[in-house]
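Read through the structures below before going on.
Look at the two complexes coming up: chain A is in both, with chain B in one and chain C in the other.
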Partner chain A sequence: MKKEKGIFIIFVILCVLVAIGNPNFLSPANLKNTTRLIGIFGIFSIGSGIVIIARGIDLSVGSVFSLIGVILSMLLVKHQVAWPLAMLIVLALATLIGCFHGTLVTKYKIQAFIVTLCGLLFYRGIARFISNDVTMGFGYGEGFSIVQYLATGNLWGIPLPFILMLIISVLAWVFLHKSVYGRYIFAIGRNEEATYFSGINTDRMIMLTYAICGLLAGISGVLLAFYTNAIAPSSHGNFYELYGIAAAVLGGCSLKGGEGSIGGIIIGAAMLQVIQNLVNLLGIPSSLNFAVMGIVILIGVLADKFLVNRQMSK
Partner chain B sequence: MLMKKTICFLLLFTALLGPGCQRNQKPTIAFIAGAATDFWTLAENGCNQAAKELPEYNVIFKYTTDGATEEQKRLIEDLLVNNVSGIVVSPLDPVNQSPLIDKTAEQIPVIITDSDIPGSKRLCYVGTSNIDAGKSAGQLIKEALPAGGKVMLFVGKSDAQNAKERIAGIEAALKGSNITIAGVKTDNIDRVRAKANVNDVLVSNPEINCFVGLWSYNGPAILNAVRESNKLEQVKIVCFDEEEETLQGVKKGDIVGTVVQQPYEFGYQSIHLLAKYISGNKNAVPAGKQIIIPATIINQANVDAFIAKMQTVRKK
Partner chain C sequence: MAPAKATPGNCILEMKGISKTFGAFKALNKVSLAVNEGEILALLGENGAGKSTLMKILSGIYTATEGSVHLDDKACEINSVKESQRLGIILIHQELNLLDNLDVAGNIFLGREPVKAFKLIDLHKLYADADELLKLFGLTIPSATSVSKLSIAEQQIIEIIKALSQHARIIIMDEPTSSLTLKETDLLFEIIRNLKAKGISIIYISHRLNEIIEIADRVVVLKDGQNSGELQRREINHDNLVRLMIGRDIFKSQVAPWPYHPASSFEIRDLSTYRYTQHGVNLRLSGGEILGISGLVGAGRTELVNTIFGIHRATGGTMHLNGAEITVNNPADAISKGIFLVPEDRRNQGIVASMNIIENLTLPNLPATSAFKIISRRKEAALSTAKVEELNVKAPTLRTNLKDLSGGNQQKIAIGKWLSRNPSLLIFDEPTRGVDIGAKAEIYNILRNLAKSGVMIIVVSSDMEEIINISHRILVMHEGKISGQLEPEEFTEENIMRYAVGLN
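Let's turn to the complex of A and B:
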């Protein structure tokens, strides 16, 4: 709880500083753009975070985006499948991919890092193969403009991906912080063996975390595909798994498992997007983009450590 | 009995190997492209067409998936081990790869495509002049902004050779006019960032009235971001290359024009040239050791004809 508070204060300070530097930061157009991206990135960050809380890791998210985008485009554009069915197929596929990772991790006791690293390589390769390395697009969206609207549209002036993220985070919050299953996941992250001997089916719970991660990656994947409206199989979503992992850790999840919160993950994801936004708004050269991101995160984590430590010693 | 079986098996095995060996006797020409993008897929179509017309040659096409120079080096070394007769390379880093090209050119003929290495021992260069392409884009910008203004450039990596040359071409064309370049925004070949960059500039620099996409995917990224912000009236868009959405945008009048190269011709002409050279016709190489395939401007006037042409090329 304290960690969450620390990162929230830093996030607010960052926003205030950017708003002073360029008042356009708070203009409706910019708020819409940034919250839209926060929504898309926040959704899969929740999945990455839940896996991390159970002491796992998912490195395959970026490649899953590519595979899902390619398949979605093929279904909708090439085969003219009705959009509800196409969505169902890709979301089911993403969940199955998650279950597959979970099975390998629990039943065959392979390290999550290896399983999902192989996934990262494998899904990207498959995406490139089935698309023949051709960029897959959605054009002007005849017949499925409703789903396109999901990614690019607004409801009461609020971007839909952001609303979707809020709904998902409430559900995830109830699941993780209010239900007994959430307790199990935290317990597994702390000490898997002890949890197992307490009579909890740890394998099933770990499997569940990967399935959730897969499903949320699927939802983000659909939104991302319509956000760019075209998927270059070799580069779409490259390294995006790191945004999810960074958002989770920034928001207070420990890579050692057993720690973290949904609120923290959302603030972490928001922070990463605001940092990229500020690079452009404050006129910092694009070449410094990653450098700024690195240094702001580091300062944030250091300040967080300082705040938490001081509160503890009181 | 067992002996007989073994001999039978061995005979069968050699019979199976036979056709494989025969195929290897045909001279092989390899094309090493850049990263797997639409641009190089079109070049691959050109190579395939040339391969159909040259049944006495094997033509293989390789992408550089990581976009790293050491991968190109490994590809070339593997091809040399397999006794390839000639290669076409699109160097990722023309300045620093010239020793590699020279070493390879001592053993087999090498054609360079897309980005030339003028001082090297290459047989010939087949490609476009990116500086000229940049000048063509500059001309489009001037047409779009008769009263002058400010332009912002968008690209994946501004240190890539073709990006540098396109920027230099645009700068040269805009010299002396009342149009200034406000800056270059990079996105590391990430379409999400490419679109977010455009959104950010629309907010932070409302005075900019022309957006230029230097790489193929920057066109659709600019178009989508500007359209979703309802600013198509205020902002002019100029692009490069021929992505489907870019062409549709030109057709609708949302994009002023796009400057296209002809990657299909890169593949088609370089394979034919190498085949002629390997078969002994050394005069096939032009005296200047360069075959320049011109870049063309596509605007609303000629976009329909171009789309029709692209469709026939893609089908091949």
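Let's turn to the complex of A and C:
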């Protein structure tokens, strides 16, 4: 709880500063767009965070977005597949990709960094190949406007992706912080060997974290595809895996495993979107986008370590 | 006992009155050791007698708290490994220190590579020099072979060659044969005798009495960090060695008769482990019995109990619980049958040090403290409170992390996590390692009470006093096999040591 409080304070300060710098930050249109993006990014960040808590890493998420986007467009537009079936196919594919990573990590003992790095290259390449490297779209959404609405619509004025993220967060919170599985995942992150000596099937639990990460990347991938409505296979979702990892780290996850919380991850994801927003609103040249983000993440992590959680550091 | 005195004239090294303390623990107490030129000196002692500490002081890894080292009658300060190597003292570690990503030549001359202009390595000279050294030792492999392709024996020889190329006068070998076959051991001995003929001195550390009898010119024995005696060549025999190793204070136990519960039994037949695939082990115990397993480090005890618990799969043989055959492929299988292990390596295997008491105690018991997979904080706390009271764990709160507890309290948690599960067989691997005396007595009480209630207990321990004190029956292991079984009236350190070193 302490850790979330720290990052939350930093988040609020950042929002206040941006609002002072440009009052447009608080305009309904800007708030709506920012929260929509927070929703899309928050969902897969939860997956990245859960993997990190179990002392793993998933670098393939951005490329999975591209692959899923391309396949989704081909299914819906080119092959006129009914949307429930198309959704089922892409979400199942994303989950299977996660299981595949989990298998390589647990059964074949290959380091997660390498497994998912290969994934990052492989899925992007496949996406570009099957699309002939041509930008794909969804046209006017005949026949599947309901799912499109999930990404672009609002409920009571709140963007649907944000609402979806809140629902998933609650489920993930129960899973990670209240259930037996969550306890096992934290224990694995801290000491996998002792956890195994306690009779827990550690391989199965690690597999589960990658499967969850895959599924959540699938959900985010669908939302992102409809949100951008145009998928350029070579750039769609580029670097997004790093947003997920950065959100988790900002939110208190340690790459050494065994640390972190759903609340923290969500605040971390939100913070990254506010930083993006800050670059636009404060008239900072967009070429500096990544530089600003890098600096702010570093300051955030440092501040969290030395100011807010000073009493906790040993 | 008189300090080790060598024949005058050709004594090259003398260590006098060496003491070493680690915190409050006195590892060495005024130990003396002398080495003659061209002599094979065996250094003998039980686990923890101080052999390794003494050799680490000689090779500059540790600095002595007290005492002096004289080389060629001149006092010298050995403060670093580099300094000891300069003096010609080379230690070959039990775990070999070769870099397996380099080739043989690269390893032999590591840090002393011949160079050309601009510090470029003179590869031609490097390989030529290395090949010549290899030939000298009768190795036919080219020096460009990667070390990872060599057998352990070959690697051992490479270490010796490396030592000689550094102009070694005294080579210390720590358990050099622990992973060699008999044939390889013979080859090593031949090389050692060659070195001796060249006037190089060898300090040979080993548990294996047969080897010492075969090769040593003189034996110095340590016990509990002190000189316990010295034998000249003609005095070296099994009986003398064993007597000096365990000293005079032979410990006799008073074993309480064990409460026999014949209804439960555990038996393994011809069970072999990955480490000693060729030896099957047989053992049997009944309810209420505490079976001690003794032996030296590397005898295969931990591998055996880890295999029973399913950490490793057995490479052969069967297990039987209460007469029925059981299959154990992983710890979960063992746990479901009521077989639990309190492992040897507490910090890495027994507990999660950065989690708190509740989380550690309930880790294997979450199904009992949860409903529909959601953990009940109330049930967790209740179970933990009960166990902490039962085991008399001293901790500020139940939310204290295990790393902030003493070794004894950590061990109680490692035991406690199994106690709410109705164990039928509990295995303790080194139950009191790193535990203070007070907590030790409490842990023995826990063991005895468990036995009284009919639980079967296996205790693996290197601590002889402990195994004699706690067991109803003792099995001794030697190189993967059960080398002997002792009934209470035969419980003496001498008997255990006899079997542990492989004598009959």
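To be clear about the criterion, the second predicted complex is superposed on the first by the 307 of 314 C-alpha atoms of A that agree within 3 Å, B and C clash if a C-alpha of one lies under 4 Å from a C-alpha of the other, contacts with A are read in each partner's own complex, and residues count from 1 in each chain.
Note that in this section a residue touches a chain if its C-beta (ideal position, glycine included) is under 8 Å from a C-beta of that chain, and two chains touch if they have at least 3 such contacts.
Small disclaimer: the values here were computed from a predicted structure and weren't measured.
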Checklist entry - Here chain A is shared; do chain B and chain C fit on it together or clash? => result fit
Next on the checklist: Counting residues of chain A touched by each partner, does chain B or chain C come out ahead?
Outcome noted: B
Checklist entry - Where does A:T116 make contact in the superposed view: on chain B (first), on chain C (second), on both, or on neither? => result neither
Next on the checklist: According to the stated criteria, A:V180 is in contact with first (chain B), second (chain C), both, or neither; which is it?
Outcome noted: second
Checklist outcome for this item: For apex chain A with the CA centres of chain B and chain C, the angle to the nearest 10 degrees sits at 120
Checklist entry - Which partner does A:S198 reach: the first (chain B), the second (chain C), both, or neither? => result second
Checklist entry - When the two structures are overlaid on chain A, which partner does A:Q276 contact: first (chain B), second (chain C), both, or neither? => result first
Next on the checklist: Just checking: does A:G258 make contact with chain B only, chain C only, both, or neither of them? Give me first, second, both or neither.
Outcome noted: second
Next on the checklist: After the superposition on A, what does A:R190 contact: first (chain B), second (chain C), both or neither?
Outcome noted: second
Next on the checklist: Please give the least Cα distance, whole angstrom, that chain B and chain C reach in the superposed model.
Outcome noted: 31
Checklist entry - Inside the complex, what are the residues of chain A that reach chain B? => result 22, 24, 27, 29-30, 33, 37, 128, 132-135, 137, 139-140, 152, 224, 227-230, 232-236, 238, 276-277, 280-281, 283, 285-287, 289
Checklist outcome for this item: Within the complex, chain A is touched by chain B residues 35-38, 40-41, 63, 65, 158, 183-197, 199-204, 217, 220-221, 224, 228-229, 243-245, 248
Checklist outcome for this item: In the complex, chain C touches chain A at residues 309, 311, 330-332, 334-335, 341, 343, 348-355, 359, 363-364, 366-367, 370, 373-375, 417
Checklist entry - Which positions of chain A touch chain C when the two form their complex? => result 174, 178-181, 183-184, 186-187, 190-191, 193-201, 258
